[in-house]
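Let me give you the structure first, and then I'll get to my questions.
As written, the chains take the letters A, B, C and D, and residue 1 is the first residue of each chain.
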């Protein structure tokens, strides 16, 4: 990739971002730049604050200190929900747990945000949704419900749902961690195609081979700080920092993966407080 | 969450099982006197709704009132231990019929209808009629005015029938307590109960100043001790005892002791009658 | 002066009210005891692999879960005999015992349902794991499933007990001399508006004071056992 | 109609049950009137309790202490005291006080009091179910909606409430079945429901068992209907792939 850093402003830039949960510091001075059209990966051990960075970028979390800029928007300075909503129209987010709306069909999942948030008409929204489903090769499941799909299928729908907003930027939060090994590939294929089309992407991932393959820039975080960053080749082939080398030795050997988490909404209400009265 | 499945199509079967469990209630013929003499136990149903006829002593939680005194006196004279069973107007007839109680001293006046299904001691121990508490400014002046009006009373009261004949809309509660409160909540135009309950209430209680009693008394009738039907031996055994209680003035004394006001002229009348006949 | 006399009257009647409430508690304890024994029995039958045992048990649960408690109490009070004839002895069958049975019937149906819910909440893998260790069906039920179930049943069972306690209030409607009956006699005897208000409120307070701690404990237990 | 009734009476008598009183016009019309009253009672209290439940759940989840705490207190008091005592307190005590305050203009009948008390009582249970439903909506799902630029109001109406309703539905239907059974306490304050009608008949004659069976059958039928409606709703709102 040609270096365009000198010509173009970064689309996302974080400067000295600090965030603590109930006094527990999670981010301790993060600096990060994402240029338009770049694919940026954030790697690092579990609990190093990778997902927190993504949530700060889209305003789901508010840092205590530091600057976050997305295009012309100062995210850290947003005070009203309406302003954050404007931001989120431009930033897509894909979750580890897919988080599709279980009460809506696949097509409805893709149409609800354009219709309700962007106020687009049904016909356009549906046309768009079907096109995006075709793009992620899920057009045959348009009328299925999320609960009927495999993890990989749900995740592809979730990516399509993020795309319905026509975002400038998509954030991927460990999108393959909850998937069965055999369905990881189909999701990665979709992401790879997106980066090839020039979509600006930030990925938090444990798939080191994949990160190496598609990333323009890789950030290695540990304990809430950026330990090292550089091109994929630089980080994976010639890591400068001992911590990075140590991490990659383990991570490349055995890809870290969490088991799929069952989410049955009825499980919570089992044996709930007995609702009898006399 | 528990599964709810279709219900009750087979309800009767289930109930059948229960019924066989319930068994049959054996009604003894004139076993009462035998029972009293063999077991030395007298089971009396008394009405304890609060008030001078039957209530409980807050300190000892023992039943008290004229009904209770009379039951104890009968037991003493028969040499039997008295077991008191509190009854409700709604269930007292059933209790007697089932044999759960041997006698009823429960503010239950003699009426021809009851006379057909139950037996009673011929000599009454009291005489009382119904009275209605109504608001002072109420347009109700005669019993006939209750036609199509909501009237509170208690379930199984002897006044239900005459009131129905007047065309009143009966609202029957478990006991007089609820009925009187319902009257004060304006859910009915009148509460109809024994005059012995209504009259002292209106006369003594400051809270009832806004109310007056409807006269004359509705269906004044003798209060009797009830037995099961056909138990003539028991009735014959009890009748002289009741007569003696009149003659000796025991009943008048019990009336005074229990603060029943106004005193019943019937008691004096009966005392004179038995004193004359006995002398 | 009025307030003073009202308070004096309440003080005077409070032993009677407490004694009446004792009757309610006695009924509730016996009813839940009887209901639990019956309910576990019925519940186990309902889980049995044989249709012939399962069907009557399911029927029992359906009938008694879907009948109003008040009607069941009327049922047991008016339909059961007043004394039982055993040989030459008469065993009296007082009303409060009938009410106890009337409350125990729906309680047993609910205990059976609680048992079923608890068994269903044990993951099927537990059965598989135990079966792979060569346990018999009965052994699995007794040594693997039951201990886990009992823990899970505790909270809903206690909640049921609170409901049964509140159900004893219905006893007054069939003439059992309980706390509500006492309150009504008191209200009728004292005959002061202030006292009537106070005595009915004290009924609320008595039941609340007894049931609320149970309910709190239930919630705490539930939170503890909600996830495994 | 009458033909079938006679057939039924005849059939029942072969089981040893005497339903002869059903052939008399007076007890029959009393029971029919009682059944109708119970139906009205159920209908009105179902509506009333659902509205109360929604209101209380809104207060509980408002996030404002000044609203949530009174709602919580009300719910706890309601859940932990017997309905009968509540009914007495309302109908015998509150109504009397109200009457002393406004005089004879007080429009509340025993029927109205039963509707109010049972609606409030079951409303407290609905509120708990709805609150649990709202809290059962996974935080991540809400986060997903927020990341799609939903406003709070859009989030509530398009994601949170539809999901919460689905989670709460089984509890709500259980509550409604319970409510149907609960209307029997109306008889305690002389509302002419079916239980009261039955009491009125059996205090005059000796047919307790027959009336009991009739009552149990009637309430069983009502619960069954509510159950069917509930199942239909659950099927309509089912989220394929989740739960049952």
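FYI, a contact is a pair of C-beta atoms (placed from the backbone, for glycine too) under 8 Å apart; a residue touches a chain by one contact, two chains touch by 3 or more.
Since we're looking at a predicted model, the values are computed, not measured.
Separation of chain B from chain D in touch steps, taking the shortest path, is 1.
The central chain of the assembly on a C-alpha centroid basis is D.
Chain centres computed from CA atoms place A at the largest separation from chain B. The distance from the centre of chain C to the centre of chain D, each centre being the mean of the chain's C-alpha atoms, comes to 21 Å.
Distance between chain A and chain B, defined via averaged C-alpha coordinates, is recorded as 81 Å. Spacing of chain A relative to chain C, judged by their CA centroids, is 53 angstrom. In terms of their C-alpha centroids, the spacing between chain B and chain C amounts to 33 Å. Of all residues in chain A, those that touch two or more other chains are 266, 268-270, 272-273, 276-278. Multi-chain contact residues, meaning those touching two or more other chains, occur in chain B at positions 1-2, 6-8, 11, 15, 19, 90-91, 94, 174, 178, 181. Shared interface positions of chain C, defined as residues touching 2 or more other chains, are 63, 66, 69, 75, 78-79, 117, 166-167, 169-170, 172-173, 193, 196. Note for the complex: chain D touches chain B at residues 15, 88, 91-93, 95-96, 98-100, 104, 106, 109-110, 170-171, 173-174, 177, 188-190, 199-200, 203, 206, 208-209, 212-213, 216-217, 220-221, 223-224, 227, 230-231. Within the complex formed with chain C, the chain D residues making contact are 76-77, 79-86, 88-89, 92-93, 96-97, 100, 177, 181-185, 187-188, 195, 199, 202, 208-209, 212, 215-216, 219-220, 223-224.
The residues of chain B lying in touch with chain C in their complex are 1-2, 5-8, 10-11, 13-15, 18-19, 22-26, 48-51, 55-56, 58-59, 61, 86-88, 90-91, 94-95, 98-100, 174-178, 180-181, 201, 205, 207-208. For chain B in complex with chain D, the residues that touch the partner chain are 1-2, 4, 6-8, 11-12, 15-16, 19, 90-91, 93-94, 97, 135, 152, 155-156, 171-174, 178, 181-182, 184-187. Across the complex, chain D meets chain A through its residues 79, 82-84, 121-122, 125, 128-129, 132, 136, 138, 140-141, 143-152, 154, 158-159, 162-163, 166-167, 170-171, 174-175, 178, 182, 237, 239-244.
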